[in-house]
Each structure stands twice: as structure tokens, then as C-alpha cells.
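Sharing a structure, written as C-alpha cells. Questions coming.
Think of it as A, B, C, D, E and F in the order they're written, each chain with its own count starting at 1.
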């Protein structure tokens, strides 16, 4: 049976920690490298509901996209939800591994899975290529098989992503025909100018606030914007990462069992609108 | 007829520029202090659609909540939408005045109007009182007349705010009974810890991203969260500001005509969800 | 008739904005890129007297060496002389364009015109060459046709530059023979060490204060110093810039009318000395 | 039986975390606040040998002077000795609590115990009093019952402190009579100037490097210096802290068992000198 | 005979080093505190010509206004003019003492002497009072006995100050009547806004560059400006400082001989103007 | 007879000042470059005892490893021991020259002499090679002729270095056999990680404090540590530097007399241990 160290080696061969941003915190968060690993759960967020799912299923390792401690901590005491998570995992011999911005820029990476989920076909190229290897990078640009109205693309994207309470928000003329699309899993505001410069018809991402979105739309003739739930844009990658880990291990004669968490960890569980009252 | 300088004096007596945050940019953005002012339009955002509304109505002054140039500029050439706005306003003798964080902390201020719009009754106190005068401050805490389920409060809040495509997103148990409510117009993530410490049942604000919202909800036993459109949370203040300017002027024998813009300047104009396809 | 955008393109082909220092603010400050441009006034400083000259002459564009807003502004309200200038220019359809450190380092640039004005002949080379292209750079080094006493060179330089109240101040032995000369238009204290290292006989520049000048002269065996009015050292460039813009436009079949402002914008209008009282 | 939370409350009533330096990391590092605590081990350093001692004795809590993670960490994986310590402690239900600079400045604190250990009698006052309460502070100043030669005081100090390989190093005239003594547990270089200003005869501390010590001794007429092992200067405090925790608990009818670790965690285990070869 | 330490004590009782700006470097620069002092030379600048004057006269101490090393040095080797000065002074047993910004703000201080030199009568108050004692501060504000045209005041100021090659430069309407005057010895650009706020008719100082002076004059209705040689504005203080040191010493029965250097250490020794050639 | 300038040139050809760290202060500290130099004293520290030795011997120049003013000073007055040293040296025509981090990284440099002193044979390579020339760098790695127990190597090292009160402190299993050794003269804590990565058996350096040493030893399977007196680790280099200066000068027909100071400038002059009392 493989050890945690073996699995970490395999994961880091695919998601090299040197590709992570300097402010990021990726790699093994807890666990003993000599422990044996049989069951691996993939999830977006390292939260209590995911830890329970891991416990119930008997997982030996949880692989998440988001770091537990993005900024350093000096205490893991069980007086906070994060420390409690560390205690739960360590006491139950469950490791925690994070692939974050190193998975974002990998080839294939987080935005490749997102691009396919919203219906892009054909080749995908990074929206913001990495300096050292332009096949890697943040975001992906691809195309729809044929131009469709923006509203129709938004409906397709909603259908391709896991359901969340808030769904997708769209800025732009619903009737505008769109074909060339940029996507970026997670918070995409740092890529707004890049998306405009790329000349795409739509930029689909998450966590856009009022001021960046408003200023982007005021500067006329740019792409339409679609804002989805942060969690929903990164979830499609989990199946991809799980599949590749299992295949790569199998190719070495190692059997690991993988599962993608279906717990919705988007914070918003319901919505309210004026229309609800008509 | 009053001059622009007179109106600025009146507005700044209510929204003292010294109350603004050090990073903010408030006050007169363009216009000649000796120009005469008869018609004043109030709006949240200094954008093209608002300038057109001002032109159509014959406004002499636009008062906005958001600054045009929050960070300094070295050019107002009409090569950007902001420079074009400056040209339009100056060529048509329309001034632009901003009351931003000084209006947020004023008594009454932006969050007072928001609190009333979502149904809070009785006295309101600042969520984060100003050091020099605790009657001023960011956010407001108030109460509903009687406890209601969270879902019911969310419906009331949606009814009380101007309609936007995205409506309100809610995090928390919909059946939980809530009565004590904190609200803060605009981006409220910097007040999350304060809202928790205040022990309220709900914190209603705008522009909450995945990580702050998720970490807030994971730390158990805190308030529920409601996230509305940034624009919608600040719009209720416009009528309040317009009313007080007109009254204060009238008390001095000066007649000014005020209007609140009804242009929705939220960037998102439509939504898409999975349910749309079932 | 050319548009403002056409003229900006022409000016920037000569004074590339990428050559400007990172702290500088060059390019179009106000004006509509689609406006037509017939008359262009060149001046050192964007001040009220220059704006009046532009109005009187019917200029469509003012090209200045100094930026109006070197540091960013968040307001152009007509409550300051700078905001008033913006209002005057925009209301009268006059654009404002700045070529500052990008004109300093251009080939030919500000210091080439200064060098010729004070009598340097033969080839000129940058005093501090640009890293990416050594033909460009700050300051120029050239030679007089024959060695002359320092006092004689100072007299010639005074004759070659436009008259100002303060004239030129000279540090060094008046009888010392000089031939190899470095000049730098505008404030030159940052180039003092470079001028010493270049081994020239004189360094002529502007805005030298007591401490840099005193320390420079105390370190023996270096160049003599001549300090002229900042305005006077940059004024010779205006004619050069105007001539090249007109010629380049004419070569494309475009006629523009250019004029060099003769308004003295040096702040000092008179002097007083002990000798006045003998 | 008391919970970990009870013990933390008791410890923090004596070593208030607000007294810690801003760069410090004190308080509970791991452990579940609801766990029961019966046996508490006190040690200077959170290292493997101390964790083993805790395991062997059946401790529920280790209280150390030094933080495990003075700078924040983003991982507690058992790939480093610190992460391995966290795993050992959590898997064995042992908490870890740190009182560092808050114990240094407490009254009584780390340097009170050191002062008594090296033979100071009578009242002790802080060498560098805290701004908000001058009874607290860094270091202590006290006196010997009678003046003795420096060499004699050094011998007494060596006898009073736990033995380490390196012993004490002394700078100053061995025959000089000394009586007024400043001591500071742990690294004392930041207090050298304060000790000189205090006019004491000797300053005893730890971790003094060549340059601070040499410059201190070159400036004539100051105190002599004694440099002991960092660990040895802080160890005397453990018994004091353990005694007070046990008494305070007993006064509330709570029985806890305390033990002071006798593991020497000074890194240096042996020495070599020229004399060894004569 | 007094020692250098005695004289330093006397000077610092008048020019307290704690009054100096945090970036300044005042006090004893070289010399042995136990050396005897009989002759003291006062000068503005610590330069070679002043050191020669000190040697020739047999001075034991030079008191200057300007620091030799405003920024720290790591070498006083005689490879620079400053290091050579240190060698000359030390080898000839001459001390060097600096009173700079502590003399500027003293009462009376540098600008008091300047104010009297240019003809101000009656009480003088600081232009920018010190926070801890408003009788001290930078600059002085005073009045002429009666209003005179600006040109006339400039002539009087030129007559009252030691002659320099450049004389005084004046900005403002020469016929404007002026009476209330602010003066500040040395570089005064940091006080421009304060002078405007003080509502004086003229601000006389030194080392004003083009941009601050031009922007100051463009903002209409402010004071006129007069720019003198830095050295000339500080020289009047030397006699005042020498007189007070001698008197204070005499009052204690100590005789010291003082002298004010008449070496002009302004860098500019001649000028050239167009008019020279007519 | 050579001048000081000649000797500086010779020394800097061997210890190029451009190799020094950016924070370092190397080169000539005092002295007149045209002075003649016959006798040169080499010492580690620029302290009073060394200056006396120079005076007694009639030295014209002192070459030290440590800078007198590592951080800049604005005064060399004889009110501090450093200023007094400058006065003594200048008044007695003795120059002071420092080769610090430029001597550390030279080839051969400070750690080469240390390596030979503790018995390393065969080729030596830098522990941390310089980026621009890997033959230079900090520390040296070399080997013993045959493996010996750590305790035996420590004894040899103690025998090879000049005696100090504290001797050497050793961390690690005394019986462990060691052969591959890294050494670094002076404070070596910044090289701890490099020494571990180099896979050596021992790292011998100076000035190691408790926390770096303790954390280094806790991380198992790394090198043993030996901590010597800072002064003792740099002293062996003096003879090397003196020899090379004399030879290089002789090769040019110049005779200089050199001497290595035998004054122990380690601050610690005696020790005390518990054993002393048994």
C-alpha cells in the first residue's frame, strides 16, 4: 500500500509546488509521511462538513484546492474551527494536502476543467501564460462550437456547473452573440484587464465586486462578464485531479480509491428577490 | 440662486470631509465654485448613464456616493470613460460632488437609510462607532419589531431594496428566528468580525466573497449573512441626502430642486440558474 | 484637418511615453481625441498666462514640457489654479499634452537644444545615456569651437538663452579656460556626480541648491558650475519640437500651425543686490 | 477535574497574553479546551525529549517558555520536528501552552526566579519597567548581601544555576568587587544599554555575541558581563510557575499535579579547550 | 581655561540637541572633551577655507551651522574633502561643533537674526511654532515700521545681508506695498504653505526651485517671494551666537575669544546676464 | 617607501571592496593616502588595546577584519571609545584599513585559514559560493585525513585555534565519526541551512545562539555543531593576509614590515562552572 509520502510525490509531480504563487501555501498541511494511504477524498474547501465526509467514508487523505492556513498560524489549538479540523484529522490519521495556485496554472489545471464544464470545445490556451512555460498559466481561452446569444451561453454554463443558491450573474447585452470565451476558476478580478486585452466575447469567473465589474462594463466594447459561485468554478477540477492520480498510480501498480466530495461548500444556501413577492 | 460653493458648504456641513477615511477622495471633483446651481441629481455611481440623466434633466450638479477618481489621476483626457465624463460635465456646466465614507459615518448616514429600508425600527446605533464621536460610525445595528425566521427577513429586505438582477444571497438556517440586525451599505467584509462581536442575529451587507463568507460561517454560532447588490444597499441613502439638502436650503430661503436617479448602476443585468432548465 | 489623436500619435512617435521616468506623468492631460486640431502652442509651463495666450491665439492644443499633475489628483474642480486651467481648456476645446522626461532623453531632446543655444558645436552625446539605447539619455556633452575663459563662456551662454531676472550664476575660477561642456535642461543636481565623472570643464544646468553646489565645489579639481533659470534652460527645446511636428505633419500632407510661447514663466521677475545702493 | 480551558484561564490570569511583545506567539498551541487536565509538565523548550518525558509521565499538558512556532506556519505535517511534535501531542491528548515574553515581564516573572537563583537578596525591581505598570518589566536589578569579587559572584551564580556544558563566561576584572547586579533570563543583548544606564556592577544574561559584548566592554567604566546558557537562565522560573499554578488551583479546590522537566535542552553537550591537551 | 566639554555644555544649554530634527546631526563632530579652549571661530559651513581661517587665527574650536556629516559616514580617511578636514582639525587640536536645526528653532535663533538684518522691528513670533514650546520654532514673522513697496523692501534686505554674487531674486508685483514679513534662514520650501496660511505680505528665504516657486505664485493672492543666498540668510546668526557664548561665559568668570568668519562660502562667485552685453 | 595609497591598492587587489556585502563598511577608515607606510599591524578588532600595540610598535597602518563604524556615524568626537580611537590614530599618523566580508569571500580568505588551523587537508571549496565566481564565497568545506570521533576533532580544533576563556562548545554525539567538515569564520548562523544541505559531518563557526542551535540539532540527522570564539575563528587569517601583503610588495621591490597582533580581543576573560565547586 502506498505511503502518504508516495501520494504526495505523485500529486506534486502533477502540481509542482514551485509553480505556486509566492503568497500561497500549498503541499502537505498535516499527516505523517510514513502513514499508509488507501482512500483519498477530493474537495474544494477544508471545512468541517468535508472532514465529516472523510471520516464517514474512512478516507486516509483529503486533497483540497483551498489552503487551510493561507497565512501562517502560531496555534492549532481546537479553539477555532481550523484548529478543531487539525485535531480531527490528526486524531483520525487523515492527512490534508493542498494544490492551489499550482493546480490553477497546471496543464491541465483548474480552468481547463471549468472550460470543458461550460461547453468550450477545441484547444484551450492560458489567458495569462506563465513566464517560464506558456503552456501553463492562469485562466483559459477557448471557443464555443458556434456563436450563441450571451443569454444562451449563460444558460449552458449554469447547466454545466454544479447548482448553487446564487447561480450565475451576467453583465452585458443578453442578445449579443458570443463565441470566444475566457474562464478562470475562483476570484478573477486580477485578470479583468487581461481578459479585455485578449479580445474575448465573455469572461466567466467568480467573486467579482461592484467596483471592478462596474468599471469594466463602463469601458465600452469589452467582453461581457459572468460571475459564478467561487466553489462552483473550481469543483469541476476535482474529478480531473482524482482521475489522474488514480491512473498514474495504477500505471505503477498501486491501487488507490478516490472520491469527489459532493458537499456544497458555497456559503450561500438560499436567495431572496423582489419577484418572490409578486 | 445659490452658487456651487454655497451647495458644497451645505453638503459638507452634513458630510464633513474630515470624517472621510484617509484613503478616500471626497468633495468637489469638477465644477466652478462661482457657478449657479438650481437642479441637483443624486446617484450612487458617477457613470455615463447618470451623466446622461443629468444632461436630460438639466442638472447643474450631480452628487454621487462613489468617487470618480478614488486613486489620483494625472490625466482627464477623454480617452477613458472617466475623462469623457469629466469633459461632458465641464462642457455642460455640471458639477460633480462626492460624499463617500464621510456619508457612511454621518448621523444619519448611508446605513441608517439602509436599516430603515429593510424594516428595522426603533433606535439605531453604529456597528463600528467613530473614535471621536460614537454617534457616528460605520454600519448600524437595530431591531425588527418582532423575531421572524431568517427567510422571512430576507424576503422583507428584498422587498425594501430596489430590485437588482442578483437579488439577495443568504447564508444560515432559513428557519432561525432573527430580530437584532446589523447592516452596512457597500462592501462589508471589513466589518465581519465586528458584526460577530456585536452578537447580532444577521449581518446584511454587500460584495462578500467566498473566503470571508465561508470562514465566517464555519466559525459556528455567529450571525447569519445576507449579501445584497452594492448599489442597492447604498441607494436608499440618496433620498435622505436629497431631502436634507432641500430642507436645509429652504430653511435659508434658498430653493433647489433635487432628484434621485432611478438608473440601476449595478453591473449585473440578468442571471442564470440550473433551475431555469428543469 | 488632423484630429487630436493624430497629433498625439505624431508627438509620441518622437517622444515615446515609454521613455519617461516611472514617476513622471506624460501624454494627453485633457482634450477629446476626436477633436480637430489646427493651431498648436508650445510652452514650458502649463500656467494661466500660457492658457490665456492659447485662448487669444485660438489654439486647439497646448504642448508643454512640465506636467500639470505630476502627482495624481482626485479633483479638477476650479477651486485651484490647476483645476481652473482644466476648466478653461475643456470649455474652450483646447487639449493639453505633456512631453517631459521622454523629451529630455529623446534624440534630439531638450538638452540638445540647450547645448546649441549656449554655443556648443560639433557632435553631442548624452551625459547619462539610457540603458536601452545610448543615443538617448539625460543631459548632453559637447564642445566649444575653441577654449575660452569661464567668464566668457558664461557671457555667451547668457546671450544664447532667453533673458530672466536672475540670469546665470557661476561657480569656479572666471579665468579658467573651458572647452568641454555638459548641459542638462531643468534641475540637474542628480547629474552632478555624473558630470564630475565625465571630466568636463563646465556643467550648466538649473535649480542647484547650496549644499549640492557647495559640496561639489569643495571636492577640488572638478568642473565649474553654471546655474541658469529652470525655464530658460528648457525653452530652447520648444522651437525644436514645434519645427519637427510641423515638418513631420507636412510630410504627410497635413498642415498644422505652430507657435512658441514667449511668455516668461520663470517665477522671479526682479532682483536686488547690494551694488544697487552704492 | 479541571478542563484545559480552566488551566489556560488560570495561567493567563498570571501571565496575561496582552503583556507579550507584538512579535511573540503565546497561549495555547494545541489541545482541546474541553479536555480534562490532571498532570502538567513545565519545561523551557518544546522539543522531542520534552514530549517524550510528557508521554512517559502521562502528562495532559506541557507548559513551555519558548513558543513552538514563533513565526507562523502553514503546515503541521510530520515532515519537520515541529510538525512531528504536534502529531505526537495531539494523538496522545497532550496540550501545549506557552508563556514567553508575558512571563518575562510578569511580577514575579522569569528574571525574579533567576535573580534568586544566583543569590540576590532583598527587593528586586525591573531593569526595564513596562510603560503601563512599572512593577512589571524585563530583567531584574537586585543586590548581594555584601560586596564580593566578580570571580566569587560568578562561582556563586554557576552553583545556583543548573549545570550546562559551557557554564558561565565572564568579562571584566575578576577582582573587582560587585554588589548591585542586573539579570535577564534569555537573550539579553537588547538590554545592554539599559544595564549600563542603571549603573549596576554586573549584568548577567545569555546569548551575548562577540560584537555587542566587545563594544560594551570597550566603553570603559560599565558593568562586568556574565553570559550563561540561555536554557539555564530560564529554568529557575519553571518551579515558580508550577508552584503558583498548583497553589492557585488548590485554593479553588482543584487538584493538579505539576512537574518541572529536568531534561537539559541546551544544545551544547560538551566542550573542548586548549588546556585539555597540556 | 575652559575645556571643550565646558563650552559644549554652554552651547547646548542655548541650542539644546533635543530640539534638532530627527534627521539632523548636531553636537560635537570632533575634538577631545578634555582639551582647553580659548579661541572659537563661528562659521556657516565646515569647509576648507574656514578650516584655514581657524588655523591661521589659532582657533581651538569651530562652531558651524551646517553639519559636516549630515548622513552618517563609515570613513574619515583623507581621501575626501570631509575626511581631510577631520584630519586637519584633529592634527591641529581644533574641535568642530554644529548647531543646526536646534539653532533654527531656538529663541532667539537663526531666523531672529535674519529678521533683524532685513529690517523687521518689534516682536517676532515663530512662523511654524514648535509643538512643545510655541516660543521656539522655524522661521519668524515680524513687521516693517511702515508699509513700503516690495522693491524697496528687497533693496533694504539686500543692504542688510552680506553681499553674494547672485543677490536676491524677487517674485511679485514690485509696487505692491508690504509690511508683514516672514523670513526663514536656509532652504525654506517646506514652509511655503505655512507662509501662505500666515497671511504675510512677503516670504524671504533661500534655495527655492522653479516648481515650488512657480506653483506658489500661480495660486493667486499669496505672499510675494524673495530668494536670497542660503549662506547669506544664516550668516547674521553667527554674531548673535558668538555674542551670547562670550557673555554667558564671562558671567561665569570664563574668558573666551570669539570671531565670526567673513569668508563667503556661497558657491556662486560671479553672474552673467543678457544685459551685460547690451 | 610606499604610501598609504600604494598599500591600499595592494590590499584591495586581494580583497576587492566590490566583493563586500552591501551592508558592510570596508576600506580605509582614517589616514592620509599620501603618508608613507613602513610598519603594518594586523588585528581582528579595532579596539584600544590594539591601538596601543600599534603605537608601541610604531605602526603606520592597522589592518583589521572588523569595521570600526559598520553603521555610519556623524561624529568622531573623542567622547566615545571609537572617536577616541580615531583621534589616537590620526594624531599619531596611523591609518586604519578594514577588509571584512570582502576578505571572507576572497580566495584564499578568512575561512581557508580557519580550515587549515583546525586540521582540514586537501582541497577546500566555498560552503556558499559567490554567484559571480564560485571559487569565492562564504565558509569552506574540506576533509580530515581520516574519520575521527567528534570529540577528537573538537580537541584538535581547540589545539589549532588560539586559546580563549570559553574554548569550544560542541553539540552532537561525541563518539560519532566525522571527516567532512564545514567551517566559517565569525558568526555563522546564516549558514546553518547551507551546512545541513551540504551534508557535512560537522559545522564549526562562532556566535551561535540558543534558538538556531537548538532548532538545528532537533532536526535529526544533520551535522554536529562546534561553536568557537568569534575572535579565535578569524585570527588565523591575519597571518595569511600579512604574509601575502609582504610577499606581493616584495615582488615589486617594496619592503614593508608586518606583524600579527597577539592581543586577545575576545570579550570573555574567564569562566565559571558548577564543577569548580565540587
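In the analysis below, a residue touches a chain if its C-beta (ideal position, glycine included) is under 8 Å from a C-beta of that chain, and two chains touch if they have at least 3 such contacts.
Nothing here was measured: the structure is a model prediction, and the numbers come from that model.
Engineer: In contact with chain C and with chain E at once: which chains are those? Just list them.
Structural biologist: Joint contacts: the list comes back empty.
Engineer: Mind checking the rotation angle between the two copies, chain A and chain B? C-alpha superposition, nearest 5 degrees is fine.
Structural biologist: My answer is 180 degrees for the C-alpha fit.
Engineer: Could you tell me which chain lies farthest from chain C when each chain's centre is the average position of its Cα atoms?
Structural biologist: D
Engineer: Tell me whether chain D and chain F, two copies of the same sequence, contact each other through the same residue numbers or different ones, using over half shared as the line for same.
Structural biologist: same
Engineer: Comparing residue numbers, which of B-C, E-F or A-B shares more than half of the contact pairs of C-E?
Structural biologist: Over half of the C-E contact pairs recur in A-B.
Engineer: Just the number, please: Cα centre separation of chain A and chain C in whole Å.
Structural biologist: Centre-to-centre distance between chain A and chain C: 54 Å.
Engineer: Cα centroid separation between chain A and chain D, in whole Å?
Structural biologist: Whole-Å distance between the two chain centres: 47.
Engineer: Which parts of chain E, given as residue numbers and ranges, touch two or more other chains?
Structural biologist: Within chain E, no residue contacts more than one other chain.
Engineer: Can you tell me, using the touch rule above, whether these chains form a line, ring, star, complete graph or other shape?
Structural biologist: ring
Engineer: Head round the ring from chain D, going the chain F way, and note every chain as it comes up.
Structural biologist: The ring, traversed starting at chain D in the chain F direction, is D, F, E, C, B, A.
Engineer: Over in the complex, which chain C residues touch chain B? Could you list them?
Structural biologist: 25, 27-33, 67-79, 83-84, 86-87, 90-91, 95
Engineer: Would you tell me which residues of chain B are touching chain A in their complex?
Structural biologist: Of all residues in chain B, those touching chain A are 45, 47-48, 66, 80-81, 151, 154-155, 157-159, 163, 165-172, 174, 186-187, 206-211, 213-220, 225-227, 229-231, 265-277.
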